[in-house]
Amino acid sequence: MKSTGNWIKSAGLGLGILAAGAVLAATAAPAKAQGTLTVLCGVQEEWCKAIAVAFEKKSGTAVAMSRKSAGEALAQIRAEAANPKTDVWWGGPGDPHLQAAEEGLTLAYESPQFKDLQPWAQSQYKQSQGRSIGIYAGALGFTYNTELLAKRKIQAPKCWADLLRPEFKEEIQIANPNASGTAYTALATLVQILGEDKAFDYLKKLNDNVNQYTKSGSAPAAAVARSETLVGVIFMHDGINQKINGFPVDVAAPCEGTGYEIGSVSIIKGSKNLDAAKAFYEFALSPEGQATGAETKQFQMPSNRKSATPPEAPNLEAIRLIDYNFQKYGTAEERKRLLSRWDAEIKSVAR
Amino acid sequence: MSIASKAAGVEFRNVTRRYNTVAAVDDVSFTIEAGTLVTLLGPSGCGKTTTLRMIAGLEMATSGTILIGGKDVTRLPATDRNVTMVFQSYALFPHMTVADNVAYGLVVSGVRKRDAAAKAAEGLELVGLGGYGQRLPSELSGGQQQRVAVARALVLEPEVLLFDEPLSNLDAKLRRKMRDDIRELQQKLGLTSVYVTHDQEEALAVSDRIIVMNKSVIAQSGTPDELYRRPKNRFVADFIGGANLIDGELVGRSGGTATVALGRLTLSVPDPGLPAGEVLLAIRPNAIRLRPAPVGSAADNAASEGIPVTVRKATYLGSHMEYGLASEFGDLFVVDPNVSNPVPAGASALATFTGDGIAAVGR
Amino acid sequence: MRPRSAIWLALGWVGFALLPWFAGGGTQPALEPPAPGPAGSALIDGLTNGRWWLLPIALPLLLALAVTALPRLRPRQPAALLAAGAFGLAWVAVQGFAIGLDGWAWGWLGSLFGPLPRGQGGYGIGAVLTVLSFLFLMTSGFAGLGFMKGDRFTAGAIGLVLAAIAAFVFLPVGYVLSGAGDTGDGGFSLVALAGRIAAPDIWRLSCLTEAKACGVVWNSVFLAVLTGIATTLLGLAFALVAVRTGFRAKKLLRLLTVLPIITPPFVISLAVILLFGRNGTVTLALSDWFGIPVSRWIYGLPGVLLTQTLAFTPISFLVMIGVVQGIGPSLEEAAQTLRASRWVTFRTVTWPLMRPGVANAFLISFIESLADFGNPLILGGNLEVLSTKIYFAVVGAQNDPGRAAALGIILLCLCLGAFWVQRQWLGKKSYATVGGKGDNGIPSELPRGIRIAAYATALPWAAFTFILYGLILFGGFTENWGRNNSLTLRHYLAAFDLSWGPGGLIWSGRAWGSLFTTIEVAALSAPLTAAVGLLTAYLLVRQQFKGRGAFEFLTMLSFAIPGTVIGISYILAFNQPPIELTGTVTILIICFVFRNMPVSIRAGVAAMSQIDRSLDECSLTLGAGSVQTIRRVILPLLRPAIVASLVYSFVRAITSISAVIFLVSPKYELATAYIVGRVEQGDFGLAIAYSSALIVLMSIVIALIQFAVGERRIGRRTATSATLQEKPV
């Protein structure tokens, strides 16, 4: 038997494979969800971390927080629907929250703090049949590079109509509404201000001035900050953030009126830590929880009337907010129709 | 410790190897006695290498049984057979020293490092490469590399040692020396060896027995002498020793010999076991002698002694003459040891036949 | 029966009767009483807990035991093992998929058999062990019947690789792709599928005739072909300079070419923007000095091509260098003695021998470019490619997974096409150049023209890379890169601060958590990737078996699909029993292993087809089993390929983002996910500081890998050493 020496070694290899398998199987045991609250977070990472820490301190419940863009979060919650691993979805524009509610992915819950909230936050609650609620609002607006404007002696844009001025030729960035919720909000806003056909006429003219339809909603803010472009259409708090970071930018709200997003929070249906999830939900609505935003230089408008509004935040009272019809423009059907039209009339002529 | 032999016999029983529908080896049976060197001989693609690889376990038989030392090994993988092989390309591991190459089989079989090294050194000594152990294969000449490959196969004391065209990459002189060395080693150690080659001279020189293969089957097997003198068919007659093949007629058989008519000439040949009628005569080049063409009445007489030919080409080669002849039975090639009275090209001559070196085979 | 099979059988029994069958408690429905006893094995659970469907698993185990223990049944053993293994595997799989957390997962079974008393969770260690046991019993049976030349190891390895690919590539990809024909209400229709695949905005050719954008397929293919050509040429130039010239700073050259691969992709994009963007250093300088008007040319095809070429050239280089090193010098010498000039030699001998490397390098770059997501995202401008389109079809405002699946199918077909073309080009020629005969030639110098071309290509590119990296490293120390270039350490402190607390050292920097997870995942997945990849390469090159071509294609599948799609598919497939892995570190490792395996396979195939087959056959006849042969003969000769695949898989596990963005769980956050968050926030300082730290870390690891694996030693002399020493005897 000349192979007797061999098989011992081969058996060793076999055992190695086995050990690997065993490790795999042992680690495959899912992290026990009980006791740790799993939260998908839709705002900037600092804020995610800050509110998690604050909640841990207050409740003693450990929080596992993961930052996801709105689309990613929705896709993940949808994929997990059969066996949810997430308890709370906190932050991010209201549209995808509404969509999750429409698909029955989230749980209806009534908060005792409901009466303290701003009307727009309550409206998110009503439209989602109680499955989602507003925690902050951010208005749509412009951001522009003050240095470049001064160098070229161009007036800063103040109205939607200003964006069509010839001196902005190829100097405007806005996200692609197919990719970004921010840009969809802009599209829906224009449709509501101008009426659908006029809005598309406007967008066609605007197309001459747009140098790029970015894929991320906040990308134009970064581009303006780095002087890659003169003007960007964004949520105003993204622009303010760049300003705080030391870039020569400023923001403005359109004079004709503008739309806004309602940053929302939802509890995932099938959460295995329902009590902790509800506690987090309440914390997110409380002035204490909402103060974590300003602490981390996030300048959205908080939804609780008792919360202090950060001085840097765009004053929503001073901005002409339109009566944004989330009910209509939040449905999958209307969304698909507008986006298809945008694709056909604007995207296909873009270079 | 010394390198000894554990020679065992090999037996193939109705072995077939198919690739998809094509049979590379078709229903082949043979026996190889322990301690003998048997050559598988044949042209390219005849199935000899496939047969060899089936002995090694590098190919699996599609059907049939293979026995080594009386044990059924048909399904046993190469690793578990006590068979080693010297490859045509030598297959020396380029990243190991010569000594490590030779010790490789021992080390992987679990022999202690020191013992393996000692035995490897012994093996290298045996092939005349003592002191070359620390070199890399790339630093050796072709012949030396070949010896390393032999030593590596030997030190495992295999039941069967296989050679796959081991000399094909060497020059003629070295080839002759190596083949003698291989034969000497094999006989000294009493190894069972199977040797694949397409060179019939090499086969005749080293073998106890030769198995001639053609088109996936065995054409004939026997000792070199049997194959040379009594080929059973046209292929063997032609392939071994290069016979002149001409048409004749078998007219009678008695007591182990047969009588064959070639024109008016009759010749005695070993009985081929064929019925009377048309046969093919295989005449070795050295079984023909030339003498000057007779004239007059002697010419009539000569018709019963030989056949008239015309010399087309005569080549002097020192030890012998080579002739190209034209005759009514076709062209003939002759090797004649008579160098003192050569027949010049263009002359007419009479070709006579020695008794030996002529065989009748079926057409 | 040989001892190995007996061991596997015993382990199968252990897995069935002793170890817990199900994975940890997390998935046990809350209402259910816990399984009795600490064991909770399939046997105990089946007998006492009403899960009767687990008991039939004993049947094949009993059958295998019977043929092993009873000498009378020996002759039937291989067939019996095959049957037992196959039945066991099938039963474990079918019951796992058919019975979910809440009972029957397939409704029609419920109506047929009535409701079940309880559901079940995902496979645990017992199940894993039993499945492996069945798998190896089955392959052992196959080998016993004479398949794979009776080699149990080969049969087992093929079985293992196939099973793993089925579970971790096929299953998830199947989940996603079946969505391409989704009718919206859970049904499947070919009409819907055809409609999605033939959509005009995918195939439109309008950019040729008028000033409109072309279909996304053409954009992708055009970009991928350009990237493939550029990276292959650069990789070849670098390989030639590194191996075949007397260039002095070879080490530096190799380091520079490896740098981009160890950089998270968006960092290169950022640096490129800062150099060539409208406000970039180079752009402004050109504008100031030469009056070249400022433009946004970098956004779109040119920018993506540039960053992709920067990113993928190193892979191409790693593939090419193994091939260039492997070319037997005596072949070239032979050509030269045949009166071929250096140039003719290069053209007729060297180049054809490099073809497998060239084809592999091109194929990898082509597919990488098709699947690349980060660079088109940041620099794409208005250029739409398949990968970004798929991503936004999943996560974008329109949210159409069916469309994503259809685009995924198109992407797959493109990769398949590239693969097919590569096979056609290579044909069936033999490229073995490391033969069993020692090769004592000396690598010939390159012909002058080629040498100049190689230098002219490689050196400027190296300089460019150098500048880019200087910028990146510098950027981590600036207050606000591009605006305020005063030096500071604050970004590094924010990321990697350490402090002493009452409990000892506190990792107070913000990056530590994700850094540790990232290193753990990368360190675990790299050797696994290399092992699986090279094993597969070995099977592909060295073993003849039916369906090898199909097998090879399957192994490429996970590579061809963009990471985002893989991420989604992994969640779909592995979030519920029987295979429940989401939220664990295991799923990250598995994802990396199967995603990066194809590169390892390609490198292994290219290198292994240069090693003469008689070397392993010889080892087999010398009594070494397949395992020993691989370890002692093949692996030492494969060192360049091993380095390539270890480095690549380690680095990819650290730098890739798209595949894992959905798989990263709060507990297991990865470095790239964290850095992307910083970039989004506009906090470039921290992002660049963190990236620089990763780059340094990976450089060290690569150096360690290179050192540990070593060069292969096959006694070839380099041009320099040969001139110094006498030619040996």
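A, B and C are the chain letters, set down in written order, and residue numbers restart from 1 in every chain.
Everything below uses one rule, namely that a residue touches a chain if its C-beta (ideal position, glycine included) is under 8 Å from a C-beta of that chain, and two chains touch if they have at least 3 such contacts.
Chain labels with UniProt names: A = Iron(III) transport system substrate-binding protein; B = Iron(III) transport system ATP-binding protein; C = Iron(III) transport system permease protein.
Note that the structure is a prediction, hence the values are computed from the model and not measured.
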Innermost chain, where centres are averages of C-alpha coordinates: C
Farthest-lying chain, centroid of Cα atoms versus that of chain A: B
Distance between the centres, which are taken as Cα means, of chain C and chain B, whole angstrom: 52
Centre-of-Cα separation between chain B and chain A, whole angstrom: 83
Euclidean distance of C-alpha centroids - chain A vs chain C, Å: 32
Of all residues in chain A, the ones touching two or more other chains: 2-3, 6
Where chain B touches two or more other chains, by residue: 79, 82, 108-109
Chain C residues counted as touching two or more neighbouring chains: 623-625, 628
Of all residues in chain B, those that touch chain C in their complex: 56-60, 74-79, 81-85, 87-95, 104-105, 108-109, 135-142, 145, 152-153, 156, 162, 169
In the complex with chain B, residue positions of chain C that touch it: 143-146, 149-152, 434-440, 612, 614-615, 617-626, 628, 632-633, 636-637, 712-716, 728-729
Chain C partner contacts - residues on chain A that touch it in the complex: 2-3, 6-7, 9-11, 13-14, 17-18, 20-22, 24-34, 36, 38-39, 44-46, 63-72, 74-76, 79-80, 82-83, 85, 95, 99, 170, 176-181, 183-184, 211-213, 215-216, 218, 221-222, 225-229, 241-242, 245-247, 272, 332, 335-336, 339, 343, 347-351
Complex interface listing, chain C residues touching chain A: 2-4, 7-8, 11, 23-27, 30, 101, 122-125, 127-129, 132, 136, 153, 160, 201, 206, 211-213, 273-274, 277-279, 296, 299, 377, 380-382, 388, 392, 394-399, 480, 482-484, 528, 568, 571-572, 575-576, 580-586, 590, 623-625, 627-628, 661-662, 664-667, 669, 673-674, 677-678, 680-683
